[in-house]
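Two complexes come next, and they have one chain in common, chain A, joined by chain B in the first and chain C in the second.
Here is the complex of A and B:
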């Protein structure tokens, strides 16, 4: 009985060490570029603020958005609330299309399925259409509807910001 | 000439020094702002409703209109439910979740309305794979019970299988463990309060009328549940089981003292979304033992005795297609075929018989029209093969946030 109890305690402790932040934003950026470049800042004009609000359904959290770029790729670390808590995700954009996406932190007690690679893979290659919507449909995940919507909004915002960063 | 060169060099140095200073100031300013943002997004006691605050609010609700074909049932419009949730983050791992529901708009002794706590539970997250929770929480059977906000399901009214066989919105008091393992598998296990067969008063809804909902629940007999679901892009496949005795040592009906009246209820379900097509199916099955003793207890105490349910099962298949989906607008017609079979323990000598209306086939066809991903307009027609007085036309408006 004791070894089983010990194994359970050790198991829980090991699990606790994993936490809910899967990757630090800096580590994600460094992974994309091979090194951690100096961050750049996109200043949101009134026009950009208005469109960001339309994409998010609420005003953007800040008027200056930090991002990283080597000229070919840009990385955007964005946060958006799912049902109750913020989701932190990293978006890599190349040539106006999403290269890949990763969920860096997920804080809700349910809905972590949005980390599923087969779900995130749908964003790869996605761009914006003329009305700043994704140019493809994203299949959702049952029981994680609001988190899926949050991921879609962030993807649109990353692409929109990337377009302005290249202007 | 030398003086001019010296002046130019000093000027250049001064400019460079100024530029560096400005860059440095900007860097510091950016750093300060980032730190302020991080502080603002940390949970702070007393802040309510904002992203990153310690306490958040959620909600959902629906307004329904039912127009029956038969004059024997009244055409009605109803604020079916108004639900708000309060959620609090004590720290990075410990959270509280709750939902309070108002039904039928007015709550008073002379009205039909009810106020009830649909959920109130505390969760401790060791990791995504290991969560423990305690309190009043939803039982993970079927699809609808845990995901029941109107914009997430088709039809004005909730489907009958997950109302009469799986008693949505079904919650129990207890402790549980849940988590996400193995790349998409979510498990749920726990021990909770169960049903009380001494409270059975409506066999047309299977075991539903014996639910306790955390209200001074008789807890002599506890129940156990387990569920396993696999979710991936567009796909959900899973099932669950809930089992426990329901006699409660005769707490509600002395004739059930020493009677187990064991309930076993289980389901399997699947949902698949590919492109614009959505398919969904649920099969639920339950058995309630000791129905003869249940009949005896009902005969002894009920003014209108009925045969106790001893087997309840139901299934539905549903298909929807998103004909128009652009911007925030999404229009999807659907059709659903359902079957319900609630068998009762007949006792002809005492006048207890099977109610034929508990064997029903329902066809529902209509559409959901999302004017926003979280706000939906609904319309449908429903046909009941056994009891055509329930045939109706429904309209609904639902929301969630």
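Here is the complex of A and C:
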């Protein structure tokens, strides 16, 4: 009985330390393509870094962005801070528009509502306008404003990166 | 002198005394309050204040680095979840490093379940977490024939681009191992690797008085009482003559 209790406590502690991970990125990619294709890389030029900074309101975390593509669809796993912790989300982009979005890991203590399909559905079909903003409004969620903004920024970045990956 | 006049004079005197005595605290509450109100826009959450003194004040454990990882032209020192790569701080909440490897123009720092790839100028190129690694935990990292090699429980894996992996390793691998830091350098590195306290947390504690410890909030309750007295005495001095008229 005691080892089980200990395992449960350790498990809970590990889950707390890792945050809420709902799906591993590779599982999300495999689900989209049916298999796990080799990752591709988009190197961020100075111009791209500047525009990514404008979208994120801070410089991009890294100079190369991994993504997966079969030619028709591309998958972007992005991370952005909501309030204090990173949100990991997977964006599937097709023909310059978001096909669907999923929150893969949410580590904040509040604002998990951004995982709700009813919220994420708003991103489906969204593209970028001339100024690299989403071409539609995304309804906010009270109590999760910063997480909603983080999701919007990541959606814009995924579409922006997708455009460059196809050039 | 009529009682009313004496009362007004006493009130004025104490109004001025209390206002002056509590000036610093009122300013502190006002400034920190405004900053906290705009915390998200100012990015207070993501800003850290690094100071050994502050870490001690908050009771945060503060370790001194004892070893470093070196390549021919790069040096990594780590402590308190922070890394100094060639003397520059890179990131917060970093894992404890397993090794430092130079592959072409890339510098790779390995942790148990992640790899951080940097350019020679210290810019982060990529961060590979467990989902982008062939196996975790990593046990060691090294270089062989110009490629990166990671050692795992099921054997070594090799990558030329730190992106795609193949099982196995070149015949000769130079594994990264730590070297002791000279005693004289440790304190200097410890200063630069002091743990960080979130600026938001610090401002919140200054605003509430918790920064001063257990008695801090009680002291700030007293300041709040002073503010109430100031508001009431000010209101009385303003309204009383007008009501009398």
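Criterion: the second predicted complex is superposed on the first by the 148 of 167 C-alpha atoms of A that agree within 3 Å, B and C clash if a C-alpha of one lies under 4 Å from a C-alpha of the other, contacts with A are read in each partner's own complex, and residues count from 1 in each chain.
In this text, contacts are C-beta pairs under 8 Å (C-beta built on N, C-alpha and C of every residue); 3 or more make two chains touch, one makes a residue touch a chain.
Just so it is clear, the model here is predicted, and its values are computed rather than measured.
On the shared subunit chain A, the superposed partners chain B and chain C overlap sterically. Using the contact criterion defined above for the overlaid structures, shared-chain residue A:112 touches chain B, although it does not reach chain C. By the document's definition of touching, of the two partners only chain B reaches A:144; chain C does not.
In the superposition on chain A, A:133 makes contact with chain B only, while chain C stays out of contact range. When the two complexes are overlaid, the chain among chain B and chain C that reaches more residues of chain A is B. By the touch criterion stated above, A:24 is placed in contact with chain C alone, chain B being left untouched. With both structures placed on the common chain, the touch criterion links A:122 to chain B but leaves chain C unconnected. Shared-chain residue A:41: touches chain B and chain C both. In the superposition on chain A, A:61 makes contact with both chain B and chain C. Of the two partner chains placed by the overlay, chain B and chain C both lie in contact with A:84.
Within the superposed three-chain model, A:70 lies out of touch with both chain B and chain C [touch as defined at top].
After superposition on chain A, the chain B segment that clashes with chain C is 41-49; the remaining candidates among 41-49, 167-175 or 365-373 show no clashing C-alpha atoms.
On chain A, the patch touched by chain B and the patch touched by chain C overlap at residues 39, 41, 61-62, 64, 66, 81, 83-84, 146.
Note for the complex: chain A touches chain B at residues 11-12, 15-16, 18-20, 39, 41, 61-62, 64, 66, 79-81, 83-86, 106-107, 109-110, 112-113, 116, 118-119, 121-122, 131, 133, 137, 139-146, 149. Only residues 40, 43, 45-46, 119, 123-127, 131-132, 161, 163-164, 198 of chain C touch chain A when the two sit together in their complex. Residue ranges of chain B in contact with chain A, taken from their complex: 30, 33-34, 37, 41, 51-52, 56, 58, 87, 89, 92-93, 95, 97, 123, 125-131, 133, 143, 146-147, 151-152, 178, 180, 183-184, 186, 229, 231-236, 271, 273-276, 325-327, 373-374, 400. Contact residues on chain A toward chain C in their complex (touch as defined above): 24-26, 38-39, 41, 58, 61-64, 66, 81, 83-84, 146.
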